[in-house]
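Both of the next two complexes hold subunit A, though its partner changes from subunit B to subunit C.
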Partner chain A sequence: MTALLIAIPLLTAFLFVPFKEKAKFILPIIVLINIVLLFNLSINSVEAMGGWKAPFGIVLVLDSASFYTLLVVNIIFLIISLIPQITENGFSILLLILLASTNGLILTGDIFNSFVFLEITAAAAYIIASLKKNYYGAYKYLIVGSIAGGFYLLGAIYSYVGTGSLNFADISLNLNSSFLPFVSLMLFIGLAVETKILPLAGWVPDVYASGSPLTPAILGTGVTFTMMYLLGRIFITIFNGYFLDVLYIFGLLTLILAEIAAFRQEKLLKALAFSSIAQAGLVLSTISLNTYDAIKAGYFHLLNDATAKIILFVIAATVVGNFMKNKTAGISFSIASFSLIGFPIFAGFRSKLLILQSSFEKGDYLLPTVLLFSTIIEAAYLLKWNVRLWHNENEETKQIPWNIVLITLILALLIIFIGIFPDLYLKVSENITDGLMNYKAYVTTVLGGM
Partner chain B sequence: MRRVFALLISLGLILFFVNSLSILPEYGNVELSKVSNAYINKSVNGNNEKVKFGESKDLEDGAANVVTSIVVDYRSFDTLGEVTVLFTSALGVGLILHGFKRKTYGRLPNFILRVSVGILLPLILLFGVYVFVHGHLTPGGGFPGGTIIAAGILLLYLSNEEFDLSKTSKFVESYAGSLYIVVGLVGLAIGGVFLINFLPTGVVGDLFSAGIVPIVYILIGFKVGAELSGVIADLYREG
Partner chain C sequence: MISITNLILVFLFGSLISYLLTKANKVLGSIFNFLLTAYALYFLWNIEVGRSEKLFNIFSNVQGSLTVTNLGKFFSLVSFLVLAFVAFFVIDWIRFKPRSYAAFNAFYLLMAGGSLGVFFANDLITLYVFWEIAVLASFLIIPMGDESSKKAAVTYAVMSALGSYMYLFAAFSILNRYGVISFKEVSINLLNEASIGYKWFVILFIAAAGIVKSGIFPLHTWLRKAYGGSPDAFTAAFSGQLSKLGSYVLAISLAVFPTVKMFSPLYQGVPTLNYILIWLGNISIILGTFMAIRQNDMKQLIAYSSVANGGYILVGLATLDSIGFAGGLFHVFNHAIISVMVFLSFAVVILRTGTSKIDEMGGLIWRMPMTFVTYLVGIISLAGIPPTSGFISKWMIFNTLVRHGMFVTAAIAFIGSVGSFLYVFRPLAGVFLGQLKKKHYDLKEASIIMLIPMLLMVALTVLLGVYPKPILDLIVSVETELGIKPLEHAGTIIKTPLGSWNTITVFIMFAVGFIIAFILYLLFPKAKKVELTNQYTGGEFLYNYDLYHYATGFYRFIERLYDKHPSFEKLYEMIGVFFKSIGDFVTGLIYKPSPSGYIFWISIVILILYWVRW
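Moving on, here comes the complex of A and B:
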């Protein structure tokens, strides 16, 4: 039954090719069906596609980690589908394909299958990146993404040579140790583009700052969350913590360099794009501390970041001129940016506090130092932008659709709610962490008690 | 400075790949892994008996072409994904080039082209259909078969300025893709597993063998042919 999560959106996307314009009406219904279906599935089930058992065929694994990640990503898609104004004609079909492919990426237990879904996600993302005639950014993304896809494929091939099978659980059990450094480096290069880790994140500002609200709102939240989950699945569950030291260094470099770059930007959307890169770096270095608390804090922070980023990107791309004319949207924007900085009573404060706690527990003082320093930079530029948007001479006004105002306001209230009672998000991130760290349970569930 | 960095990174990658060669098995001396063995002997669930062409009956997978048996049966879910990759790319070409006019030259194409299309087109279409119908027996299958058919459609576009197939190709693409998933869903309804081979597999090497494999390959052939024809129609515009 798990396969339906992928089959239903894909079938709808195929059926709606001749009537592209109508797809935006069906999108929220399909996402709702998916969420309802998800709650009716039993956790810890393994489904073999075509009936070929692991490690021979492709398996879809639904454990607590993939269940909660699916829930988060599908809810993000639901939110995006409820504001159809930001989707141009015909692009709803791409959202359906993206939904199918992210669901597949989260569920799959097979490395080549994950490459295929990575390719679909990337292909849909390139096209979404070309919205608002942003062909330069999309082209840059296409080149970087395709080369990274090549590295991921090569990593999959090497792991097949080293193991004799493509199954994740089998790779983690039987991979020849001389292959480990090569496979992990190639898979990391492949994933670094999509998770926005710095030497390979040069495409992000060009793509996110195209002026279309849809591009950053979906790529920076749903797709990033999926990729971070996949990275955790590969490096924490399969390689069992190997190679995480390298990831830690790259994460810290990304965090500090991207915050400095964001500070120097003259355009709001570019600043937000660099801030998005920086948060990805922070989450990466936090989860690569590889303790239960650190991984929990990392995914908790990623959830907060995703919630804030939907608000920030949608409002930054739709509001023209002064916030005094659009007070509600302005208040949501300010709340989201305060959460990003980490002021108390906002959600970001909770997760930054947890990150600090968990890294002190691990005896690591480098991450807290860098985090506090980057928070100062972050506060400086986000406050500057808040002041500039509330008090400027721009008299242009544009009516913002009511549903954008309503949804961003609800999300902003959610941020305050999480800041006071963080249990909801903590439960999600705890469950993701449980699933990712429980390496033995994963292998036995997939390979059936070997 | 940029060039120095680029040089250093390229040198690093070259060193990395040269280093990685030493751990790969020697050329021609590869031991088949358990998965490859199971695929070749068609016994993921069986007992590793040798498969005999034209004799072995009712195996778990009936395709004589080992590549096809992997692509459309053992790893059919990946193929569904690859079909979607092509679908997404074709859709993207259509969305990005939307709004440009069809390119016209205002004069009749070359006489040789017009006449030879009439002779070549049926042969090309027949060959394309042959390739994807026999995908489970001989090298080929839905992807090359569909491409051959699209090449025939390209000839039609070149030889006739009025020719337009973009609407039809959209419908064919849509229904062929949906039917692939429907075949998978029928498997889910009958066998309880998505994309399970629910038809009898027959004797290895017969035209009517291998269960759903030829059906899926015919659908892929139509879908790929329609998609590539759609791409041709989209690209044939004034920029």
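Moving on, here comes the complex of A and C:
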């Protein structure tokens, strides 16, 4: 049953190749089917592909972490599919493939299989990146992404040599400890490109700032969420906290450097792209504190960031002129940016409080300092952009489609709702954390109590 | 009587209603704003101290709550007095605002609600939440002003963020160390704290938020542009109300957390930390005064004066002496109503003339006498001349400084006070006195609705200068609550070890002097009225009288002494440029290179990781 989550979108994608124009309409239906299907699956189930039992065959693991990540990613796809204007003809099929591969990436319990899905995700992402004739950006991404994929594969090979198996749970149990440094290094390089860790995130601004709302809206939220999940799965569940100190330092560097770079940018979309790099760094260093509260806060922040970033990217890429003519879109944009800065009543405030709280609990004073300092810089450029967009004299106007306005407004209201009653997002992040941290349960579920 | 929580909610949701009402009818929405703030003022006057309400869960184990304290009550009364008066002024003023009027009214209420929460917050984080709401709302109003206000708003928000994040860092460090955040429990824990360094860190970081907000050196640079550029009526609330949030946080960090008991005294019972803050206040006084003298824009001039007055408040509060602290609190009240008078009269002038440059005006007393009276009484109070209430607070602060033997500090405070005569005279002479320009011949006086709040404030400052008992009573209750020896007073007589001050006597002396002058004025022959051009110089008649109004380079002879002064504004701009260059550097290294550059970075990362770890 679990396999259907991957099979349905993949199959539909191939079926609709002759009817490219119609794929737009099938996308939301497929995502809805996926979500309904997801709710009918039982958590903590393992499905062995082709009947081969755990260490030998490929397994799809649905525990609380992967269940909720799937839910989040599919809902993001649903939101994107409800604004078909931003998807150019034919790209809906790519979104279907992307959906299949991210679902696979989240579900799979096999390292080589995860490499395959990683490559499919990346391939779809390269094509999406080339929207609006942004070929050079896509080319940059292609080169750096393929090399990263190569390193990921190398990591998978090393772990196979060190374990004799490709299964995540088996690697976690039986990996020869002398291989551990090499495997984690290779996998880190592989994932660092996709999770946007400096200095390997040079491709991001070009790809995100192509002018197409679709590229950043899906790559910066859904795909990033998937990659962050995979990173947590590998470094927290499988390596059980090993290598996290390196991630912590890279995360902090990313946070501060990317915020400063964003402060410098003269184009809104580029500034947002750098901001998205910075937030990824923040989430990375928070989850690498490796306590229950910290990981919870990290994923909670990632959810808030994704919600805000969809609004910001979609509106920044569609609005022309100033917000006085598009008040509703402007209000959503402002709410999203206030949430990103972390003003009270907005969701971002909650997550920043939790991050501060959890890092102080851990006795870490560096992360709060860097976080608060970079937030000042973030406030500087986001507020500058808000003032500029509300109060400029540009008389140019373009009608924004009503569904974009409506959906961004709903998301903006959601941000306020989460800011006041954060339980909804907290529950999601708690469950993801439960699944990621409970590595014994993961191993027993997959290997069946060996 | 409704609960405070509900009142705050009324303000937060009222902002939406106000938006819709103002959208429908500008005046209606503003009347709604006024009624709400006036009701809050009435509510606060009758509120009983000690009342406490649960609010929301900050974390699962930490509950936010509101408590009414005397200190909070004092500050909130001052605040809402200002807010209600300005809201009344806005009823007519808003008719002339071409755009963003609905948002203006909505954010005004939002700011009021945030401030209300700040004054009654019972713990550090609740205070922070409401504080940020007030900051956000005020940030949203500032860019509705003139062209320069766009940048000013961002500078304001960034500086404010600097202060409030330092505060937040300290708050979390306290929560982590003691497990409590309510002011009472934290101060008990701080008393028993062994580490001196930690206590310094906590007090300084918490005070940082207040230092930024009340415009104390070295974080004062945002005031000039933010006050200068923000919408004119709002500047009155900004300076009169919002900056008082800063004074409130300063009072908390210095008096609610008992700094005198926490640290050993350095000099005359004042600990080193408080002494440093007194010096910061001193520098603000000097800097604000001398920079105000230089300004040609009248709003920016009074903005620097706010820096200086923030300094007086800080000096008064930081002495933690019975009279000094009372003087600081009284000055909070005085500066609040002075700001309203001065900035509202400026708002009228700008509304009528369309400029805020002093040398573009002159002789407006002939067209707007009531506005002139408001400004005149405002600056008399600002300069601290009896019988206005501004004198009492300055006198109390001076008294304390002299009594403690802080002669350098006292000297600086005196210099600042003399300097304030100079700078307040500049708009008086440049805007209201002198020759009326031809283009201003058919200006009108402010409408009656605008004049009511202005003249009521005039009456208030004179009345409280003669009979300060209501304010003194409030201050005594605050001091009793904070464990400072309460000020001794008997209604109109303030007793200090250096002798007492009877406000009635002083008032009668001034009144007699005034009456004598008035009689002389009646007895002596009237001055002859002449046409502006009916005069001559060097044997020639004058025809172009516009040139003979002396307002440009008014204090050139003083300014010349410090023309090459070091500027913190430039320093902060340099920091901004510095970060931009780092941004350039990062972008150049990481983003600009071609894909081969990215491969280079991958290999560098691998090499570093190999080198560091294995």
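Keep this in mind: the second predicted complex is superposed on the first by the 450 of 450 C-alpha atoms of A that agree within 3 Å, B and C clash if a C-alpha of one lies under 4 Å from a C-alpha of the other, contacts with A are read in each partner's own complex, and residues count from 1 in each chain.
Note that in this section a contact is a pair of C-beta atoms (placed from the backbone, for glycine too) under 8 Å apart; a residue touches a chain by one contact, two chains touch by 3 or more.
Worth saying up front: this structure is predicted, and the values here are computed from it rather than measured.
A.B. asks: Touch test for A:Val144: subunit B only (first), subunit C only (second), both, or neither?
C.D. replies: In the superposition, A:Val144 contacts subunit C only.
A.B. asks: Output check: A:Gly51 vs subunit B and subunit C. Expected answer is one of first, second, both, neither. What do you get?
C.D. replies: After superposition on chain A, A:Gly51 lies in contact with subunit B alone.
A.B. asks: When the two structures are overlaid on chain A, which partner does A:Leu185 contact: first (subunit B), second (subunit C), both, or neither?
C.D. replies: both
A.B. asks: Should A:Phe338 be classified as contacting the first partner (subunit B), the second (subunit C), both, or neither?
C.D. replies: Once the two structures are laid over each other on A, A:Phe338 reaches subunit C alone.
A.B. asks: One more residue to check, A:Trp390. First (subunit B), second (subunit C), both or neither?
C.D. replies: The second partner, subunit C, only.
A.B. asks: According to the stated criteria, A:Lys267 is in contact with first (subunit B), second (subunit C), both, or neither; which is it?
C.D. replies: neither
A.B. asks: Give one of first, second, both or neither to describe whether A:Ile120 is in contact with subunit B, with subunit C, with both, or with none.
C.D. replies: first
A.B. asks: Based on the superposed arrangement, let me know which partner A:Lys398 touches: subunit B (first), subunit C (second), both, or neither?
C.D. replies: neither
A.B. asks: Under the contact definition given at the top, report the residues of subunit A touching subunit B in one complex and subunit C in the other.
C.D. replies: Subunit A residues touching both partners: 185.
A.B. asks: Going by the contact rule set out above, which residues of subunit C touch subunit A in the complex?
C.D. replies: 58-59, 99, 125, 128-130, 132-133, 136, 139, 143-144, 150, 153-154, 157-158, 161-162, 165-166, 168-169, 172-173, 175-176, 579-580, 582-584, 586-587, 589-595, 597-599, 601-602, 604-606, 609-610, 613-614
A.B. asks: Spell out the residues on subunit A that touch subunit C in their complex, using ranges where they run on.
C.D. replies: My answer: residues 139-140, 143-144, 147-148, 151, 181, 185, 188-189, 192-193, 198-206, 246, 257-258, 260-265, 324, 338, 343-345, 349, 353-354, 356-357, 360-361, 365, 368-369, 372-373, 375-377, 379-380, 383-384, 387-388, 390-391.
A.B. asks: Enumerate the contact residues on subunit B facing subunit A in the complex.
C.D. replies: Result: residues 16, 20, 23-25, 33-36, 38-39, 44-45, 73-78, 80-82, 84-85, 87-89, 91-92, 95-96, 98, 167, 170-171, 173-174, 177-178, 181-182, 184-185, 187-188, 191, 193-197 of subunit B touch subunit A.
A.B. asks: Within the complex, which stretch of subunit A touches subunit B?
C.D. replies: Interface residues on subunit A, with respect to subunit B: 1, 3-4, 7, 10-11, 13-18, 47-53, 55-58, 90-91, 93-94, 97, 100-101, 104, 112-113, 116-117, 119-120, 123-124, 126-127, 130, 135, 158, 161-166, 176, 178-179, 182, 185.
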